Amino acid sequence: MIDLLQSIIPTVLFFSAPLILTALGGVFSERSGVVNIGLEGLMVMGAFVGIVFTLTFEDTLGSATPWIAIVVAAVIGGIFATIHAVASVSFNANQVVSGVAINMLALGVGVYLTKQWYGKGQTDMVDGFFRTDIPYLHKIPVIGPIFFERVYATSYVAIILAVIAWYVLYKTAFGLRLRSVGEHPMAADTNGISVTKIRYIAVILSGVLGGLGGSVFALTIVSNFSHSTIVGQGFMALAAVIFGKWHPLGAMGAALFFGFAQSLSIVGSSIPLLEGIPQVFLLIAPYVLTILALAGVIGRADAPKANGVPYIKGSR
Amino acid sequence: MTSNNKLFALIIPVISVFLGLLAGAIIMLLSGYNPIEGYSALWRGAFGDAFTIGETIRRTTPLILTGLAVAFAFRSGLFNIGAEGQVIVGWLAAVWVGLAIEAPMIIHLPLAVLAGALAGGLWGFVPGLLKAKLGVHEVIITIMMNYIALYISNEIIRSVLTDHATKTDQIASSASLASEWLQGLTYYSRIHYGFLIAIFAAVIMWFLIQRTTIGYELKAVGFNQHASKYSGMNVSKNIIISMVIAGGFAGLAGAMEGLGTYGNIHLMSGFTNLGFDGIAVALLGANNAFGVVLAALLFGVLKEGAGEMPTGAGVPTELVDIIIALIIFFVASSYIIRWALLRFKKEGK
Amino acid sequence: MDYVIEMLNIRKEFPGIVANDNINIQLKKGEIHALLGENGAGKSTLMNVLFGLYQPEKGQIRVKGETVKITNPNIANDLGIGMVHQHFMLVEPFTVTQNIILGNEPKTKTGRINIKKAEQEIQELSDRYGLKVDPSAKIKDISVGMQQRVEILKTLYRGAEVLIFDEPTAVLTPQEITELMEIMRSLIKEGKSIILITHKLKEIMEVCDRCTVIRKGKGIGTVDVKNTNVNELASLMVGREVSFETEKKPAQPKDVVLSVKDLKVKDARKVDSVKELNLEVRAGEIVGIAGIDGNGQTELIEAITGLTKSQSGKIMLNNKDITNKTPRKVTESGVGHIPQDRHKYGLVLDYTVGENIVLQTYYQKPYSKNTILNHKEIYQKAEELIEQFDVRTPSAYTPARALSGGNQQKAIIAREVDRSPDLLIAAQPTRGLDVGAIEFIHKKLIEERDKGKAVLLISFELDEILDVSDRIAVMFDGKIVSSVKPEDTNEQELGLLMAGSQTTKAGDSK
Amino acid sequence: ACGGGDNNENANNNNNDASGDNGNNEETTDFSAAMVTDIGGVDDKSFNQSAWEGLKAWGEDNGLSQGNGFDYAQSDAPEDYVPNITRLVRDNYDLIFGIGFELKEDIQDAAEKNENTYFGLVDDLVDSPNAVSITFKEHQGSFLVGVAAALKTETNKLGFVGGVDSPLINKFEAGFIAGAKSVNPDITVNVQYAESFGDSSKGKMIAADMYNNDIDVIYHASGGTGNGVFNEARDLKNAEPDRAIWVIGVDRDQHEEGEIGDHNVTLTSMVKRVDVAVQDVTKRAQDGDFPGGEQLEYGLEENGIAVATTNEEAMTDDIISAVEEWKEKILNGDVEVPSTRDELKAFEEAL
């Protein structure tokens, strides 16, 4: 059992980290009332920037490179997300359409620039992040080896950010305002809160976190960028947002759940009692499990009331 | 006011598309390509000759249907990201029937098409049911259903429809939508009778939504569930119906691919993207049947024409994706364009 | 002359209409100034302009003589202007405290919200002005009355000197209204000034010093309340004479249409709210249910109309059992329902007036034949009813959303009455409506009675109950505690009965 | 519609002048050839790229340049194949390659409809007098890397990661297992399919699980999914440089993917010389003996399949010599390498 956990947990951690980060972005955006199915595109941007930056500076900056790379990716992601903000907050665009456009645009730009700069459809390989032992913690008996030995530090960055996100959303004035804008923008407005400003910040934050998620994914798992680097992770992150009921910790839990299910479906084939099962069942297991979990345990999830509704002054 | 709206409803998409193309031209200039060449290549690629026109129509056909699938659900306040999976199962079912049974065309073809629609409908039923009975959010269920569809269909192709092959045999000609005649007209493009089905489906949606009590209920539920309940409608039933019909449309899209374009189904190592494009198509078409047809056509033209741009003008296809994305942005932001127009008219007075 | 607020020649247009057509209003320090006008006259608009939600096309606003531009609510707040909106501006999932401090949150050094501090500030305020609230309760769990007190606290918390109340009493029970009056007086004592929008002339006479009247967007003038009277105000507002006492012939009750036996219903939070209730309504009589909000009236109606399940007991209509039947079955068996919340239940706001007119009948001939709608029939019927009930709307094709509340209500009543149901349930039918509309609706209810229909009227307005009903059933704590005739009772007696055995629970347990 | 006629001329012409100059370099030819990629461009570091390199090499030998003389059309989705092929036909290319089994039907149709144009299909069979099928004996190459793996493994546990479970990939699987077991029958091979050629995270998870169950050599035939395999291997190697962690690449020499510090986890790669095949066929067509209707199968003897030896320290001399031995056995027919799971069964029983 212990060693089963020991084989699953680290997998769960590296698989889930990008989803957690991106899902947090989704939580911020949707809590402020801006639907964001552009998460996929934001991850693409992040992956692209993360890889390009690492490729360019790996030699000069050495082992710090991936860390700087994900920060840069976060920044660019934030900038890229402002497109979504302008369209859906300032221009009152249909937020879903704008999100779809973000997805197309990111992929187009990413692959196009890759071809322009490297003359080929995908970049070379980078080293990116390596697993490490988390200082001190990995010495803890039992827990240590399972959770803190040979893991990606970025996984814990993601988890810590989830906690921070929770604190920001539920303990600070900014969080209160952000949620009020997503629930009842006019009420916020009459209290002198700028709906536009808050929503911009939230959407840009989702870009920052999506960029982080994408770059972490690329630098811990894929090691290069191409049109098929990000395929559906953004939508899984969106699923995690809803699964987690638009709550940062909930979203984290959901992402971890996905990771767990995935890793089970793979480890499963080497678990004796599951060996007989046809592979297809293991393949769909993660998704079926999710549906069962939702139907059985999680149940109804209500989006923030004003989610997806552009706020136009003086109209009811 | 309303007359204005009607006018705008026509003008705004046009302006948006124009602005999108303009932006695309600028990008091409900046990256050192000749926009004129680029766009004329795009035009040739889409309308250059009988063949390309045939292919353009062919490419538009399933997009109309997935567009309807998303739009229809939206009308009753549901977001169907599941068209992707519904397409796959529809494709599978249609081909299955196309292979499994022997019958005269008048029976076989409709049966195969119907099978596609039913399979898609079934795939829409699950999220519909969970939403209606347990309030589980349809977005997440449909996403999961997409993956399940993908893997199951691959497995069925491998171990049921074939003896471990990459693709099934061609379906019986009695189940095929392909048309020698149309192909002859279009220099062997893969245009098939499916586009008639797609148009018909659009008419069906328009009729259902605008002219029948079913549509009246679906829209009411979409707008205000409390009032719908008060007025004696069965909210759950309507949610399920809506998802099933939506799934049916997407299933038809799959049938178009299976019975028309390819005449078989092959192992898929990823999604078709028909479903995801359907989201954009639906919303560009303002979730209205007629609009969806136009939006799908726009998509079909751009994507088909895109193929010609690399060989024709040396412009990479990615650039075309960028242009499409920009067009979508401008259409999405029509509010600001409307606003600008109103402004403009005020000045005018 | 020291005016705290002066709005001069204000003009505000909306696509299609001029909501305010150079209106003037001047607010003296320390006065309660009424703003009176029909539904859709332009009151809310004018006040939204003052509060910075709308920008006027023309006109001037002065605060303490200074000309100011109020481009957003922030500026209004800074100028000491606070507004209690007609439709509350409260975030439902938030607590009372969170709603009040939203936008002006006290912080600790760590950037964390200082809830402790906030709560005690709020406590002080509510003690000072006698505004009872539960700081840690969630908005969605508290009564409308308390929600309104929260709105008031919001303005006070921001140090408002001038308070605008947009139809505060429309949603309150009589008890809550008396409390509100007290609150206003104490606010004045503390040196605040108040603009009060209301359709209830009695309230104006009771608390206001002056009253500005507007009609169809135009200013009619300002009068001193002490040298005017209800009828003058009414005719100023409507532009014609208005009769108040609704004259009606005595009722001739016939056989029982609705009979409710030992009914038990749980409310949304699964607590018993209707407890073994018994009630009968006969053809040709109007039974008024008097009671303080939150004593099970809502659940009673929802149970009868099939919107909620009843735990036990029987509901019979014309001796047919309709217990726990679906809303559709209930409607078909001859029940009409004018719901309490017209925006939530009564209308699909995004549907046209026409589409709303057939909300329960769209599936029947002639509006549809085997599922195909017949728009011609639908809109013919709509125009006919619009005509007959004089619903003020540009056309039958206008979305219900764009109608004034009064006219939205008329549309609903038109729809329900036109089906000529054996039992017509009217829940708060005149809430938020101007006297003209109220007069009209009362007439309609009595007409139905005279046609031999049974009418069940639920209202928190005692004078409405007293005017319109033939028999009054007092509801307290989920039961009918007594049944009296309007002519042998009065407001005081009713008030006591409604309060049950003197245990005054001022509606805070909704 | 489009000029089959001038096509016809072309074909004749080049037959003529082909007999004139014997494909002498630098002198340009008016024979033209182009290819349609399957999904992914000519820079997919895989056989689209390899094919393109072959075509380029041929073109440059004949002083041609991209766009005139030779070109490619990129497909981003299966539905692009037909338009791309047709486009090239209309541009009067004399020889058109379809790269990848996915183009089978479309090349078949095109060949039937344009009998004056030559077609070539890589990785599957077409049947038409003006079309040639180019397939590879991947099972042979896989067999040899299987041999290498068998000699390298210390745990006698090997892993195979496939993309989508399909006949083509099964070829790799069968050959690999056969090769490994011929060296040491006790070796076990854990076979996993990711059901995707682009799912790195799954590749990484599978690899992690395999290495975790002390498998020390993984052979992947899974395109982009392989990225995850290499990623995991490099990470493990980085943590324990002395631990034996190996990946075997596919289609082309994936040495670069294996680099980690001064180590390299790429043991070897099963190289598929699509370039050789394409160049060869084009040349023959240009010289007027287009193998129309034939089914060319490029294997070890045609140099269509090779085993990379870039990683010297890993591919020790005795491994290389062993590989050479087995290569001989295959060439002279002592060993018949299985190419399907059934053949594999039979093969294993025969061991």
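Labels A, B, C and D are assigned to the chains in the order they are written; within every chain, residues are numbered from 1.
Note that a contact is a pair of C-beta atoms (placed from the backbone, for glycine too) under 8 Å apart; a residue touches a chain by one contact, two chains touch by 3 or more.
Only a predicted model underlies this, so the values are computations on that prediction, with no experimental measurement involved.
Student: Could you tell me which chains are in contact with subunit B and with subunit D alike?
Tutor: For subunit B paired with subunit D, the chains in contact with each are A, in label order.
Student: By mean C-alpha coordinates, which chain is most distant from subunit C?
Tutor: D
Student: Name the two chains that are joined by the greatest number of C-beta pairs in contact.
Tutor: Pair with the most C-beta pairs in contact: A-B.
Student: On a C-alpha centroid basis, what's the spacing between subunit A and subunit B, in Å?
Tutor: Taking the mean C-alpha position of each chain, the two centres sit 28 Å apart.
Student: Calculate how many whole Å lie between the centre of subunit A and the centre of subunit C, each centre taken as the average of the chain's C-alpha atoms.
Tutor: The separation of the two C-alpha centroids amounts to 46 Å.
Student: Report, in whole Å, the distance between the mean C-alpha point of subunit C and the mean C-alpha point of subunit D.
Tutor: 77
Student: Using Cα averages as centroids, what's the distance between subunit B and subunit C in whole Å?
Tutor: Here the centre of subunit C sits 46 Å away from the centre of subunit B.
Student: Find every residue in subunit D that makes contact with two or more other chains and list them.
Tutor: Only 76, 165, 195-198 qualify.
Student: Indicate the residues of subunit A shared as contacts by at least two other chains.
Tutor: Correct list: 115, 228, 231, 283.
Student: Do you know which subunit B residues sit against two or more other chains?
Tutor: Residue numbers touching two or more other chains: 151, 154, 270.
Student: How would one label the connectivity among the chains shown: line, ring, star, complete, or other?
Tutor: The chain contacts form none of line, ring, star or complete graph.
Student: What is the complete set of touching chain pairs?
Tutor: Touching chain pairs, listed by label, come out as A-B, A-C, A-D, B-C, B-D.
Student: Which bits of subunit D are touching subunit B when the two form their complex?
Tutor: Answer in residue numbers: 1-2, 71, 73-74, 76-80, 82-84, 86-87, 90-91, 101-102, 105, 109, 113, 163-168, 170, 195-198.
Student: Applying the document's contact rule, which stretches of subunit A touch subunit D when the two form their complex?
Tutor: Per the touch definition, subunit A meets subunit D at residues 7, 10-11, 14-15, 115, 119-122, 124-125, 127-128, 130-131, 150, 217, 220-224, 226-229, 231, 233, 262-263, 266-267, 269-270, 279, 283.
Student: If we count contacts the way the header does, which residues on subunit B are in touch with subunit D in the complex?
Tutor: Subunit B reaches subunit D through residues 45, 49-52, 55, 59, 151, 154, 158, 164-166, 170, 187-190, 261-262, 264, 266-267, 269-270, 272-273, 304, 307-308, 310-311, 317.
Student: Which residues of subunit D touch subunit A once you look at their complex with the stated criterion?
Tutor: Interface residues on subunit D, with respect to subunit A: 40-45, 76, 165, 190, 192-193, 195-202, 204-206, 208-209, 212-213, 224, 227-228, 230-231, 234-235, 238-239, 256-257, 259-260.
Student: Which subunit B residues qualify as touching subunit C in the complex?
Tutor: Listed in rising order, the residues are 1-2, 211-214, 216, 219-220, 223-224, 226-234.
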